[in-house]
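Each of the two complexes below includes chain A, the first together with chain B, the second together with chain C.
Our next item is the complex of A and B:
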C-alpha cells in the first residue's frame, strides 16, 4: 500500500509542481495584483472601480452617439452576433453536406479557416474589407454600390471583424456537428420517414435534440473564444478607430504594455477569467446533467 | 596530427571567446541595408562581432518589462522609444550613460528626451525630420502646380489638385499602427500653435481642449471635412499609390527619400507659417543586464558619435544628431531637407515623447477623426483624458 502511494506521488508530483508554477501561481499573483496599486499597497476594489467607470470598458453614450461602446459591450456584441452565426451556420453546413458527394472535401476547405493562425486571419480580414483590394467591395461594385475600407470606420469596424471572423471559426462547429451527426442512429430517420415526417420535422425533432451535447460544447468553446478574442482585433484594427472595435483582452494588453499599469490590467484579467470560468462551469454542469 | 588538433582547438577557443554584441533595432528591408554598414564599420574598427536582430518598438514594449523583471535583456544595445528609456532608466533597468557619453557632441537638446534630471539613460542616434508635404516635381510640373506660400494658397492648391482627373484625394493618408496621421497632426499643431505648443503638450502644461489646440485642430478638420485627405490606407501601400499619381501630396518623414524610385523627383514644402519641425531621433540604450558592459558602452558611444553617424547619414534618409559631421557627406536630397529645417525650431515627436497610454490613444483617435471629422470634440475629450497631467 505504501509503495503504491509512493508511485502515485512519483507520477503526480511533477504535474502538480508544473501546475503550481505555471498556472496556480500566475493566477494567484494576477488576482492579488488587481487589489494593489503600483507601490504594492492594498487598495481594495479601486482598480475594479477604475476600470468599470472608464469609457474604455463601458461607454453607454455610444448608444446615442455611435461607436465606441466600450470594450465590455463590444465583447457582448461579439457574443450576440458571432455566436448564433457560427452555431447556426456550422449546424446547417454539417447537415447539408452530410450526404453530399464531395462533402468531406468541402468541410475540409471550411475547416481551413480554423487551421489558419488568427494573426493571419486578422491580416486577411483587413484585406477582405479594404476599399481597393477587398472582395467585399469587389462584390458590391458588381451592384454599383460604392465601397469603403470597412475596418476604417467606427460604425462598421467591429461588425467587419465579427463577420470576417465567422469563416475562421465556422469550421470548428462544422467538424463537431459532422462528428455528432454520425452518432445519430439511421433507424430514427427511417422510422420518422415511414411515419411521414417532413424534413423540417425530422431536423427539429431528431437532429437538433440529439445534437444537444455537441451544441453545448460548440456554444461554450465559441463563447470562450469570443470572450478572449484578441489577435484578430490587434492585427486588423488595433481596437480602432477611436476604440470602436476594442475588446477586453486588448484593453488588458493596453493597460499592461502601453500604460505599464499592471494593476488595472490584472483587474481586467480577473474579470475575463471569472467570465470564462462562469461559462466553463456551466458547460461542466450541462455535461453532468446530460450524463445523469 | 596532434599539432593540428591543438591548433584547431586554439582556433575554436578564439572563436568561442570572441565577444558578440546583440543590437536590437526596428529596421528591416532597405532601412536595415542602410544600417548594416554602420555595424560592419564598428566590427572592422574594434574586432567586436555584432549580431543584429529586428524587433519593432511595439513588440519590445511587451517583451522588455518581463525580461527586466527576470534581470535579463534580449540585447546589449537596444533602440527604443525615449519615454520607455526614461521610465525603465528610473526603475534601474538601464545603464546610466552620464559621463560615458559626451553631451557636447550632440545637437543642443537632442539628448533631453532620454534624460531624467542630470542622469542620462540613452543616446540619440541619427534622426529623421518630418518636414512637410512631399510631392513629385514631375507631377507638379505636368499639372502646373506650385508649392504654396500662404494658407489660402495651400487650400487653393488642394482644390486645384482635387479637380485633376484620376486623383483619389489631394493628400494621401498613411495608416497602419497610426503614427503617419499623428505626424501630420503635429505639423498642424506646430504651425498654428507655434513650437512652444508642442513642448507644452509633451509636458502636460496645456489642455487639449484649450483654444490654441482647438484652433489648430479646426484647421485640420476643415480640410478633412472637404475630403482633401484620402482614406487612411497602410502607409507603404499608399506611398506606392501616391508615387503612381493617385494622390499629389504625402506627409512623411525624411526616410521617404530612401523608399522611392527616384529621390531627385522629390520636392517638399511645409505648411506656410510653420516655425518648427519635428525631428524624430532614434534613441538607444544599454540594458543593465548586458553581459558585456564595457563593449556595449564602447558600441553605443561610437554608434551615436560622429564616426558612426557619419557612416549612417552617408547612406541617405538620416540626419545626424551628432555635431561636427560635414554636410558634404549627405546625399543631395537630404541636403535639401537640411535646408528646409534651417532657421526653424527642431522639436521632439509628441507621441513618442509622451509614450504610455497616450501614444496608442492619440493614433487611434486620429483614425477616428480622419473618417469622422465632425467628432472632433469626442476626440479632444479622449486625448485630454489620456494626456500627461501637470
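Our next item is the complex of A and C:
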C-alpha cells in the first residue's frame, strides 16, 4: 500500500498546494484582516460596526429621499427583482421554445448573453438604455414618451442594471430548464393528455414538480450571481450616480483599492463571502435531502 | 392549429427581442456617425464601413490589438495549467482512498462558491511580496488556482461515471498508475476535458476583476480592461465602443459556437452538482 501513497501525492498534491497558497490562505487572511485595524491590532467587531453604520452599506434615509439606499440594500433589491424574473422567464421560455420551430436557435441567441464577457455586458446595458441609440427610447418614442440615458439618473440607474442583467442572465436558466425538460419521460404527458388534462394542468402538476431539482439549482446560481455582481456595475455606472447603483462587491473594491482601507474592505468581503456560503450550503443540504 | 401558430410567433418575437441589442451594436459599429443621429434603426441612407474597428484596434491610448494579444498570452497558460492539475486531482479523488479525502474535497466544493473579492486584498499583498504584481505570471498563477476547484469537481464527477475495467486490465499487465492515467484515462476523458477547456478559456478571457487588481501598466492591460478606457469622459463615442465590444466578445462567442455541445454540457455539469 506504500506505493499508493506515492500516487496520491502525484495526482492530488500539486492542485491542493496551489489551492492552499493562492485561495485558502487568502480567504483566511481576509477573515483575519476584518478583525484588525490598520496597525494590525485586534479590534473585535469594530470594522463590522463601522461598515453597517456607514451610509455606503445601509442608507435607510434613502427610502424617503430616493436612491442611494446603500450597497447591501441594493443587492437585496437586485435579488427581489432579478430572481423571480429570471426563474419564471427561464422556465416559461424553456417550455415555449421546446415546441417551437427553430426553438433551439432562439435558445442559442438568448444564451449569447451568458457567453459574452460581463464587462461587455455592462456596455450592452448602457447601449440598450442610451438616450439616442438605446432601443428602450426607440420604442418609447413611438408612444411619444421622451427618453433619457436611463443608467445616468439616480432613480433609474439600479433598475436599468437589474433589467439589463435579466437580458444577460436568462439564457442560463433557459438552458438548465431545457436540459431538465429532456429528462421528463414522454409517457407522463401522453397519459395526462389521455385523461383530458389541460395544458396548464399538465404544466403545474407534471412539469413544475418534476423540475424541482433544477429550480433549486437555478435559484442558487442566480442568487450567487446577484450577490457577486461586479463587472457590469463597474463599467455601466461605476456604482453611480452618487452611489445610486452601488453593490457590495464594488464597495469592497472601492474601500480596498481606492481608499486603501484593507480592514474595512475585508469586513465587506467577509459579509459577501458568508452570504454566498449560506446560499451554496443550503443547496448542498437540499441536494442531500432530495437523495435521502 | 392556430394555437400552435400563436406559440411559434410568440417564440420568434422573444428571440427578436433578445437579438435586437446585438443587431444594434453591429449597426452602430459599422455605420458612420451622421447616419446614427436618428437611431441605428433608421435606414434612409446606409453606408457600412469598418473604420470603427480599425480605430478600436489601433486606439492611441487603449489599443485593442495589443489588448487582445495580451489576453491570449494570459489565457492559453491560464487554461492549460488548471486543466492538467485539476484533471489529475479529480482522478485522484475518484480513484484513491486516503486520509482527509472527504475533508479536502469538501474544501474544494466550498471554494467553488466564493466571490473573487474574498481573496483580492491578500492576493494583492502576496503577489506584491513575490514581486509578481503587474506581471502576467502572477495573474496566470491566480487564474490557475482559481480554476482548480471547479475543474477538479467537474472531472471527479466525470471519472466516477466511467468504469475502471480498462485501468485494472492495464494494471494486471504491469503498467504503473501514472502511465495508466496518461495513456488510458486521459484519452477517455477528452470530451469532459473539452467542456472544461471551453468554459475555463472563456472565463479567463472574460475575467476583469483579477486583471483589474493585478495588472496596471498601460501597455500590459488586457482586452477587457481596455473597454472602460474606450469611453470618453464627456461623451461616449458609440461607434468606437460598439466595435471594441464586438471584438472582445467575438472570441468567447466563437469558442461557444465551435464547442457548443461541450460548452453546454460543461455549463450543466458545472451547476448540477
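A few points about this structure:
Methods note: the second predicted complex is superposed on the first by the 292 of 292 C-alpha atoms of A that agree within 3 Å, B and C clash if a C-alpha of one lies under 4 Å from a C-alpha of the other, contacts with A are read in each partner's own complex, and residues count from 1 in each chain.
To be clear about the criterion, a residue touches a chain if its C-beta (ideal position, glycine included) is under 8 Å from a C-beta of that chain, and two chains touch if they have at least 3 such contacts.
Just so you know, these numbers come straight off a predicted model, no measurement behind them.
Taken together through their common chain A, the two structures put chain B and chain C in a clash. In the superposed model, A:244 makes contact with chain B only, not with chain C. Once the two complexes are laid over each other on the shared chain, residue contacts for A:257 go to chain B and to chain C alike. Once chain A of one complex is fitted onto chain A of the other, the partner contacts of A:145 are absent, as it touches neither chain B nor chain C. Set against each other, chain B and chain C differ in how many residues of chain A they touch, and the higher count belongs to C. Of the two partner chains, neither chain B nor chain C is touched by A:194. Chain A residues 132, 253, 257 lie at the interface with chain B in one structure and with chain C in the other. Across the complex, chain C meets chain A through its residues 4, 7-8, 10-12, 14-15, 18-22, 24-25, 28, 36-37, 39-41, 85-86, 88-89, 91-93, 96, 98, 104, 107-126, 141-142, 144-146, 148-149, 152, 177-178, 181, 202, 205-209, 212-213, 224, 227-228, 236, 238, 241-242, 245, 248-249, 252-253, 256, 260, 263-264, 267-268, 271-273. Residues of chain B touching chain A in their complex: 61-62, 65, 87, 175, 177-178, 231-233, 356-357, 359-360, 363-365, 367-372, 375, 378-379, 382, 385. Every residue of chain A that touches chain B in the complex is listed here, in rising order: 55, 65, 131-132, 148-149, 152-154, 238-244, 253-255, 257-261.
Residues of chain A touching chain C in their complex: 4-5, 7-8, 10-12, 14-16, 18-19, 21-27, 29-30, 33, 93, 96-97, 99-103, 105-106, 108-120, 123-124, 126-128, 130, 132-133, 135, 138, 167, 172, 175-176, 179, 213-214, 217, 221, 224, 227-228, 230-231, 234-235, 249, 252-253, 256-257, 262, 265-266, 268-270, 272-273, 276-277, 279-281, 283-284, 287.
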